[in-house]
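Next, two complexes with chain A in common: one pairs it with chain B, the other with chain C.
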Partner chain A sequence: MNFSDQDKKGWRLLGLPFIFSVLLLAVPLATMFALSFWTQDYLVLKKTFTLANYKEAWFEPVYQKLFNRSLIISMTVTFLTISFAFPVAYFISFYGGRRKALWLFFITIPFWTSYLLRMFLWKVILGYNGVLNSFFKWLGIITEPLTFLLYNSNAVIIALTHGWAPFAILPIFVSLEKIDRSLLEASKDLGDSSFQQFFRIILPLSIPGLIGATLIIFIPTIGDYITPKLVGGPDGLMIANMIQVQFSKANNAPLSAALSVSSLLIVGLISIIFVFLNKKHLRTF
Partner chain B sequence: MYKTNKLLKIFVIGFLIFLYAPAVLLPIFSFNSSQVISFPLSGFSTKWFGQLLNEDTLHDALLNSLIIAVLSSALATMLGTLTARAASRYKFFGQKVTMGFILLPLILPEIILGVCLLTVLIQLGLNLSLWTVVLGHTLLILPFATLILLSAFNNLNISLEEASLDLGMNAWQTFYKIILPMVTPGLISSLLIGFVISLDEFIIAFFLTGVDPTLPVYIWSQLRFPAKLPSTMALGTILLIVSLILVSFFEYYRRRIEKYSQALTRGK
Partner chain C sequence: MKATNEDLVHAIVSLNNIKKSFNDIVAVNDVSVQIREGEFFSLLGPSGCGKTTLLRIIAGFESPETGDILINDKLVNSTPPNIRPTNMVFQNYAIFPHLNVQENVGYGLQNTKLTSKSIKNKVDEILDMVGLGGFNFRSSSALSGGQKQRVALARALILKPRVLLLDEPLSALDKNLREQMQFELRQLQKSIGITFILVTHDQTEALTMSDRIGVMFDGIVDQVATPEDIYTKPATKRVASFIGNMNFFRSNILSSTAESVRVESDLLGVLDIDKVNIFGGSKAKVSIGIRPEKFKFKKPNGGKKVKSLAGKLIQKTFLGENLLFSLDVGKKANKVYISLTPSGEGAYPKVGENVTVYYSLNDLLAYFEV
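Our next item is the complex of A and B:
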């Protein structure tokens, strides 16, 4: 095989980061994959191949329920975050004028607080004696505090939607910025209403940003540990909480690995199908 | 058109209130004299801030976090510089796959990174320490550093490099005297973003730290005790103010650089 000058120079630079990623990412992922086919008896690891962990992960109702809930939560969060983020990104891109950078700065400020504390504060907002309940009481809307606000999937959805907002706003903003404004002028001159303009030009052209935002939110949120643990209560726990429990407290690292691999497979598969379905949009524009 | 614009503005303001709600509560409760975190407020007090001065575990955790954040952001920026330079300057075999792989931690759930790193460490029989957290954080930050630096390197004008080589500088001098000064804003933002991400990261630190807690691990342990909540709020307020100062300073600096480079290209 012949290596060109470009190959040599490129790899001379990329060598070190590549070795780092192999050692700290490829090797650990492969080890986890191997571990998922082994079994653990208290602290002793038995290295004989078995599918028992996957059988348990896929067919036990406990885990099925957790997978379903995690999927529903992260899909809802993705949908909500993007629907809220789009108008905001649209506003900044089209009406931000010279202050676009300042607007983006304002949007990111709240996210410079610790993620842990932000999620914890949702507990304070949604709790029994929380901010919302005391506010409603003060307004006279309710006499007894609402209990359905905290410790369920909805609380997890609200907190995650908040936590991931900037990750949706930024990619959508970038794709809106890329739209050639003369296209809008042309369509206006040719008689499009603002409504038509939005659906025929702005929305289709922003699809790459929407796809980016979807993936960047959907994949990590399914593995969120902190939020369900803090605001989810027993009915709002997600798969990450089970992965952690199996790994540490239950001393069943192989099952934990099988659950991890399974969740990666599920999100990976859904993401690939999602990108494939939207291939048309990614290619045309 | 005017009407939709107005509706949109109302929506954006509503959304901003939603975004700011938790961050605004933080200082409110940290100056509230009551130990219970709820409304109505009972009175102004700074005692919770005073309490922080006597928490030795907190000071150790803070020091641990600062060491980890400095080391991992420096390491990630170094590796990110190599990656970004390779990707922006050369086209070579296996480039796309390797780049995709290096960027993978950007979307991998952190719990999975934590579990698989810990699995390997246990298999190798290595002890957990601050160093294992540094490695984990470097892995997590590297994609961010790479993306930031990639845009810095992509903006470089290749003819400046060629001119420098033509005028007799060697590759090292060119890198040191021409390329490096031009990507400095990128390097600084990479260091800063990496520092902030590492300082705030919980799950990987939770899995990979041994007996020494990092700041988020410490905060996590405090959230279980209602009596400790007000001082934890005070700690959060301090963190918020510090990161605001850092980010504002950075934003100001970035704009000055931008203006300066615009002036340069205009030939002023």
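Our next item is the complex of A and C:
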């Protein structure tokens, strides 16, 4: 093969990122994929091809239950986060005036601390003698602390909804910012009330941001591991917790890999279907 | 502006002492204009003169600080734009990007009780009218500038507004298309009889399309008149210099009689100017204005009214429809512009020649210095 100078320049430019991607993305993924078809006996890997891991991952009730719960929690979190994020983004974009940057800055302040710490704080807030229970007791609403607040799916949903809020606010904000304000004047001029204007102009034009926010939240939260571990209790555990248990404690890396690949497939499939269904809104305006 | 008999014709839009400022900058300063039913009215002025603000006040996007605005004899100061009987063609057209031509044009009708079938019929009808028949399902991103402009026009006209507001609608089009659209807009306005209010900084556009023009500077409407009057009898010095070209000569007032004022200028000497050609208050100094095309190289008939001016021709510029000469008249580095319609080679003097140009006293306009 003969390379021109320009080709060489291109290869040099791409070389490092390419090696980086292969080593850090493609190799681990391929390893995990290969591992999922093997078996493990204590510390020894048996490299004979088998579908047993997938059979177990897909048909054992415990894994099915965890997959279902993960999906439901993640979808609920996505829905709630976007429902809370949209009004916030709307407010900043339309009423932020000259202080838009300042508002966005305020929103990011809680995220200067680590994710782990923020999730841990929910234990303090929702716990048996936590902030919320003490407050309710002080108000006299309750005499005994509420126990449904922590160590269940609800706690996971609350913590994740909080944790992922800016990842929904920012893309929605960007899509609202991109709406030409003269379109809003035009819709008013053509007889729209503010209510009609919202549903006929603002919402349809912010759909690219909503799709972005949905994917950004749905994809990572389904595999979240820290939050269910910290605040989920036994009823709030998700598929990632099982993957961790299989890999480390149960010494069953192949099953863990099969669960990971399955999880990847489910998320990938749902995301592709979701994007496909919204294809017409994603054309560039 | 004083009310005259002409203003008694039914005013569809009545602006009375409108004032509006943004952060201490006065955009519209005590403007009173009556816009007549069925006329093509233009608001003309340089950028930042407040003409767009005035249009947006009529549309309801801005509310005046003081003053009243009446549309069809109803006070609309606090009526939001979606209730006003006005529709607007925006400068950037504001075509909804997520809707096709049909949905854009029928947008306002969706809020009425019309059936989708009759909306479709009305859309077809109006698209034919603006020359976009059959474009119904064209995506709005696949439209050219001129087509977008027509969609914006159709979208506004389909609601049959009492007043159509146009905010520099032709400024984004190329010259040929712009001239074609000027003609079409004028035709359209005459055939449907809706009052058009056009905002423009392009004097040619205003002069060719309008029944009347309001010329604005710094938030103040200096003159409201027909295009002919605006050009031949500009009411203030800034209107005179904004519309077309004008040579100005500083002069002092010597004396004044009932019909005329005697003035003395360095270049023009002592002249008697008719009072009808003098505008503004009575101060000691005036600016005498004369249009470049009023100068002649050949002495015209006209007896005592004809005066002359001598100088050296320093530049000749060919502008297509006319030729512009610059004349150095010596004193105070004052250049005088002379404009001619080209009429074959050799008919006019060459650059470097000393020439005498003639003008008539009747062609002089005078403005008191503020």
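As a working rule, the second predicted complex is superposed on the first by the 272 of 285 C-alpha atoms of A that agree within 3 Å, B and C clash if a C-alpha of one lies under 4 Å from a C-alpha of the other, contacts with A are read in each partner's own complex, and residues count from 1 in each chain.
Criterion: a contact is a pair of C-beta atoms (placed from the backbone, for glycine too) under 8 Å apart; a residue touches a chain by one contact, two chains touch by 3 or more.
What you see is a predicted model, and the numbers here were worked out from it, not measured in a lab.
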Which of chain B and chain C A:Val156 touches, first, second, both or neither: neither
Which superposed partner A:Asp192 touches (first chain B, second chain C, both, neither): second
First, second, both or neither for A:Leu264, with chain B first and chain C second: first
Touching partner for A:Val77 - first (chain B), second (chain C), both, neither: neither
Larger contact residue set on chain A - chain B or chain C: B
First, second, both or neither for A:Phe105, with chain B first and chain C second: first
First, second, both or neither for A:Asp180, with chain B first and chain C second: second
First (chain B), second (chain C), both or neither touched by A:Leu205: second
Overlap of the chain B and chain C footprints on chain A, listed as residue numbers: none
Chain C residues within the chain A interface of the complex: 59, 61, 80-82, 86-88, 90-92, 94, 96-98, 107-108, 110-112, 141, 155-156, 159
Touching residues (chain side chain A, partner chain C) in the complex: 180, 182-183, 185-193, 196, 200-201, 204-205, 281, 283-285
Touch list for chain B against partner chain A, complex: 1, 4-5, 8-9, 11-12, 15-16, 18-23, 25-26, 29, 36-40, 79-80, 82-83, 85-87, 89-93, 95, 98, 101-102, 104-113, 115-120, 122-123, 135-136, 138-139, 142, 146, 196, 200, 202-203, 215-216, 219-220, 223, 232-233, 236, 239-240, 243-244, 247, 251, 255
Chain A residues within the chain B interface of the complex: 3-4, 6-7, 9-11, 13-14, 16-18, 20-21, 24-29, 31-32, 35, 84, 87-88, 90-91, 95, 101, 105-110, 112-118, 120-122, 124-125, 127, 129-131, 134-135, 162, 165, 194, 215-216, 219-220, 222-226, 230, 240, 243-244, 247, 253, 256-257, 260, 263-264, 267
